[in-house]
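What follows are several structures.
Next, two complexes with subunit A in common: one pairs it with subunit B, the other with subunit C.
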Partner chain A sequence: MLVYKAFFKIIKKNMAQIAIYFVIFLFLAVFLASIYTDPANMDFMESKIDMVFISHDKDSKLVDGLKEFIGERANFIPIANDEQKLRDALFFREVEYIVRVPKGFTQAFMEGEEIRLEKTVVPGSASSVYMDSLINKYLNTARLYVDNIEGLSQQQLADYISEDLSHQAEVLMLNPDPDKRLNEKRTYYFNYLAYSLFAILVLGISAALKVFNQPDLANRNLCSPLRLRDMDFQLILGNICFAILTCLIMILPSFVMYRGHMFTLKGLLFILNTFVFSLAVLGISFLTGNIVKSRNAISAVANVLSLGTCFISGVFVPRDFLGDTLLKFASLTPTYWYVKSNHIIGSMERLKEEDVRAILTSFIVMLVFAVTAFAVSMVLKKQKYMRQVRGF
Partner chain B sequence: MFLHNYIYRLKCIIRDKEFLFWTLLFPIILATLFNFAFSNITEAEKFTRLNIAVVDNEEFRQNTALQRAIKAAANSSGDKDQEGLFNIRYTSKEEGDKLLEDREIEGYIYLDNGIKLVVKESGLSQSIIKGFMDHFMQLSSTLETIIRKDPQSMERGILDKAEAAINYLKEVAPSKSSPDIVVNYFYNLIAMACMYGGFWGLKEVTVIQANLSSQGARINIAPIHKFKIFIVCVLAAVTVQLFEILLLLAYLALVLKISFGNQIGYIIFTCIVGTITGVTFGAFVASVVKKGEGVKIGILIGSSMTMSFLAGMMYDKMKYIISTKVPVIGYLNPANLITDCFYSLYYYGINTRFFINIGVLCVFIVFFSLCTYLILRRQKYASL
Partner chain C sequence: MVIKVENLTKRYGDLIALDNFNLEVNHGEIFGLLGPNGSGKTTAINCILSLLKYDKGTVKIYNKPMAPDAYDIKEKIGLVMQNVAVFEELTVYENVDYFCGLYIKNKKLRLKLVEEAIDFVGISYYKDFYPKMLSGGLLRRLNIACGIAHQPKLIIFDEPTVAVDPQSRINILEGIQKLNKAGATIIYTSHYMEEVEQICTRIGIMDKGRIIAIGTKEELKDMISSGEKITVELFSMDNKILEDIKGLPHIVSAEYRDNSLIVRSSKGKNNLVSVLDYLKSNDIDFGRIYSEPPTLNDVFLEITGKELRD
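Entry: the complex of A and B
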């Protein structure tokens, strides 16, 4: 097993470069885990909007009541009333809604004059639609009282409104999925894995093949007593072992992060999917390793291939935001099929026939990628060999 | 002589395919990928009409008030701010369950001894539906209270008044430009490309240092002042890098249609300052670090990636977190300063913030250049 050993020696030499991508992946994975997930909530919870409430109208029971009412459905973020700070916060979505109560609002309102609150929002956002409806609801209710009951004090008004607004519709949850967040996280974990796995395999395998393909070295190997077939076999074995090893190392953190959840049907499917994907990537790496000429080009190719396929296949951004034409184009890469089956595995609640069929299709497509890429590179290799033989 | 050296340095630089890839092609590829990925991402927070179902049973048919309210919510009212909230379909309960399971609808309304809302998960869409249902019940309560207090209000047409809701909010835009988080990614990308200009700075220092390349050894024997040749080299590097950055800028603005605001002169000025910062940064790294070229390139890539990360290239909120929690780090990070220049031009127009950023960048340029010069000057070698 001389060739096999030599293969891993070369990999070891390139360890530093390979390790970078593993560290990037670990960083992403840990970052993902650190995002707080609220415990599985089986009851309905209303959304809370991050907002800033600025009142220039002091000592107003009406405004206090309004603030209290929306306070149940908002997180008030303490930001100094500084124009630039508020606008920065809105840009980076630290807050999504800024409302200002102008001076003399309450008095004008009670006297029936036309006066409005000022809002600064992300235009057309759903959160602004929600908060608009809450504020308008409160003030319209107040309007009804002020217009129809004479001599109402502010305190009475606030009490009436708060009594009315305590009536709420009953919300029932239909088979809520307690593991929804966890499944989403796991899906993202395995999606991110695609990026690093792709980069590592292309880098490692191309670097190794590059060495074996050096003309002088290749010629020297050809006149060694080892049969070409044996040499190729060992090389391919080395590739496969390297791919499986990388796969295992990348999957390992998931057992630490998700523990028992990985020993389920879902966990098993995630892992199986990753293995099939790694075969496809292996094929592609083998191909690039045989095509790419210079050493320096390898890292460029590895970066462009891994980043490119991941971006267009929806690894870094959810698929819904990618255009249809782009996705069609992306379906020419194995990453597309890997991400697709990841999402199906992550979101299915029980094994349905159509899900199984979709996952199997993805597996088959990925295997076809592997076989094709492999076959093409073998043909290229053979051609090169023939040229070399003729050259002598 | 100056021109001669300059032209030959330019030739040397543009023949370095590997560095050309990283400084020019890589940012353009990344920009294209960003564009694929982020062009629709703001759609996620946009409001779109919600798909809901109403279970059409006996109790619902009797509740004409609710029927009217739901119809009103589905149609857009006169106010242009308030489009219709819902797309409604009427179903049986079983069908509603199935639609909900298949995520065709966000929830369905079901009347069974009172109004009930059935949903699959908690979220903003579901909260909006609930808010609407709440409103219907709360309005009834308000009317009851008023009519009880003053029975004559009925005759004054309180019911009609109740339905004519007034919009009490007026929108004040945060800026002439929309708060579109996506542009920040692209500004960051330019900042990263500027810092990648460090590759050229590094290359130029290697070329004139006798202990780093044989070419450097030859140049050192030539009768030309070290400072002169250094200036020529840096100038050549800045020329090429600036050309690349402007190409990237043109690609972003003209092909990908990224908005930069309308201060073209200031934007190009930022590019120039950013480019010089990047190139001098590379020269600084190359002269300070006394290890092999691989290590220097590693440090260059590592530090520019870290800077880009802190400026928000991988996680958009990072820039905000740094600027509010530890603003000092923001000012010590050239990538962040460059990004912030573009950001403030886009969002605020020309203001002091922009000039502070440019000022700090200039301080960096002077610092990097001075250090590089002090290290490079008057070096003598016993043997090479």
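Entry: the complex of A and C
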């Protein structure tokens, strides 16, 4: 097993570079995963919008009531009713919303006529939608009373609306999964693992293969009575052992961090998913090692492959923020399927058939990646060998 | 017969690297393959070892056809390549152990052979060094140790002294002679004629992918018409003297440059004496005198019309 041993000696010499990625992973997994909050589940906090309220309809209890209602949820900025000044205020984001009540608004409203408030907003402002909703809420309530109670005074109307809109409903968030937060953390731990595992395997395996593929060293090996088949076997065995070892080392901190939770079905599925993913990455690393010509380029390739696939597959950025086209493109990488099954494993409450099917599909796709990459590298290697020495 | 190559032809596109190359190497020889850079020496070696496919011809080693899967033949061969081919990530000892291990499965025997090879090339002190820490000369010695550790019967040295310091060069050449005395057949390729003359028992001169002359160094020198080169230190010269010397028996050419008269003679005896007699009889004062026998460069020059180092 000389080739196998030499393979690991080469890996050992590259250990410093490999260790850097392991440290990065530990930082990501331990620190970031522990402070991580899922943006989709963040608590709601009401904020006040800066706006200008201009009324040309004087002595109106309805408009006063509207202003009072909005005033509880917005900051009125005192800006003179001058078109240029108001535009400047919007442009420089001093305010986000300007509402104008036209003259005769209350009378028209009370008589059931169709009349609108005028508004000017910062383009694309999300807050303006919120303000639209508040104004609609007030006026729709007012419309309800006007349409159904005859002879209602403005003061009565304003009082009714004020009382109605002062009611608040208490919402109790029920969490069906008591380990939800822990599962999210575990999901992100294993997602981050994809980056370092990818980088370490490409770096280690490609660097070792590059050494064995050096023309002079390859010729020296070819001159020896060691059969090419035996040499390939030892190299592939070395690759597999290195991948398993790396995988185990990177999974190990999860047992320290999540202890008994790693011995549950979910924990085991996370580990299994990681092993299957490492096989796919192993195949890609094997291919890279046989394709990349320069040793200096290996580090660059390792970074591009690991970072690139992780970014587009939702390791660093939640998938909800990624476009459909990008995700379709990402599905051509094993990282996408790894992250996908991590999320399924992390979010499932119990093992349902559809979850099993989705996880198995991801496993199969990752294994297809592994087999394809291995097959392509072996064909390329064989072709290169045949071109050089065979054919007489 | 150790090696028999017949009509080996190798083309790289339109370029013919080997043109009906023929070679026979016998047991116990140090066979020198001498030729300028690009003459096809390394291509010939690579084809002989089945490291490179060729277009035509046959190669037999130890009377068996050589092929990429002729593992029984490969066991008997050691190769010292032109470029240093070792693992940068392995120490000196680990490198020799690795390459020896490709041939020798018995661990005990391998340990002994590795130690012997390292001692043989004189790098015992550097056993635990990584190749990066070695000088060019020491690297070359490591390269040799990796190629000979399994004590092969046939060793091929492909320009092992390129870019090597004089001390390492002497060490390498002496080592090759020792290996030969120990029973190994050697093929030594080089473009340094002095090295080939010094150690080879038989020499093949290569040019443009074929062997243009073959024999012992004496046989090769006998093939050409020019004989010794006589150089006489003279401080003055006139054309009459030069013409008279050119007219002496067996003198091919005479020229005067840098205060020296350079006379080339054809084969024949007493050429030096006749030149000196002429100078003495004409009362011409002269300084130091050198007489050099023809070199392999002269052989190459006469056959190809160009210098070996061109």
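To be clear about the criterion, the second predicted complex is superposed on the first by the 246 of 392 C-alpha atoms of A that agree within 3 Å, B and C clash if a C-alpha of one lies under 4 Å from a C-alpha of the other, contacts with A are read in each partner's own complex, and residues count from 1 in each chain.
Keep in mind that, in the parts below, a residue touches a chain if its C-beta (ideal position, glycine included) is under 8 Å from a C-beta of that chain, and two chains touch if they have at least 3 such contacts.
Quantities reported herein were computed from a predicted structural model and do not represent experimental measurements.
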Which of subunit B and subunit C A:Leu217 touches, first, second, both or neither: second
Which of subunit B and subunit C A:Lys384 touches, first, second, both or neither: neither
Touched partner set for A:Leu226, first subunit B, second subunit C, both or neither: second
First, second, both or neither for A:Ile10, with subunit B first and subunit C second: second
Residue contacts with subunit A in the superposition, subunit B compared against subunit C: B
Set intersection of subunit A contacts, subunit C complex versus subunit B complex: none
Interface residues, subunit A side, partner subunit B - complex: 41, 44-47, 73, 84-85, 87-94, 96, 99-100, 116-130, 132-137, 139-141, 143-145, 147-149, 160-161, 163-165, 167-177, 180, 296-297, 300, 303-304, 307-308, 311-312, 316-318, 320-323, 326
Residues on subunit A engaged by subunit C in the complex (per definition of touch): 2, 6, 9-10, 12-14, 211, 214, 216-217, 219-227, 387-392
Residue ranges of subunit B touching subunit A (in the complex, touch as defined): 18, 21-22, 26, 29-30, 33-34, 36-41, 43-48, 81-82, 85, 97, 100-101, 110, 114-128, 130-143, 145-146, 149-150, 153, 156, 158, 161-162, 165-175, 178-179, 181, 184, 316-317, 319-320, 323-324, 343, 347-348, 353
Residues on subunit C engaged by subunit A in the complex (per definition of touch): 46, 49-54, 67-69, 71-72, 74-75, 77, 79, 81, 83-90, 94, 98-99, 101-103, 146-147
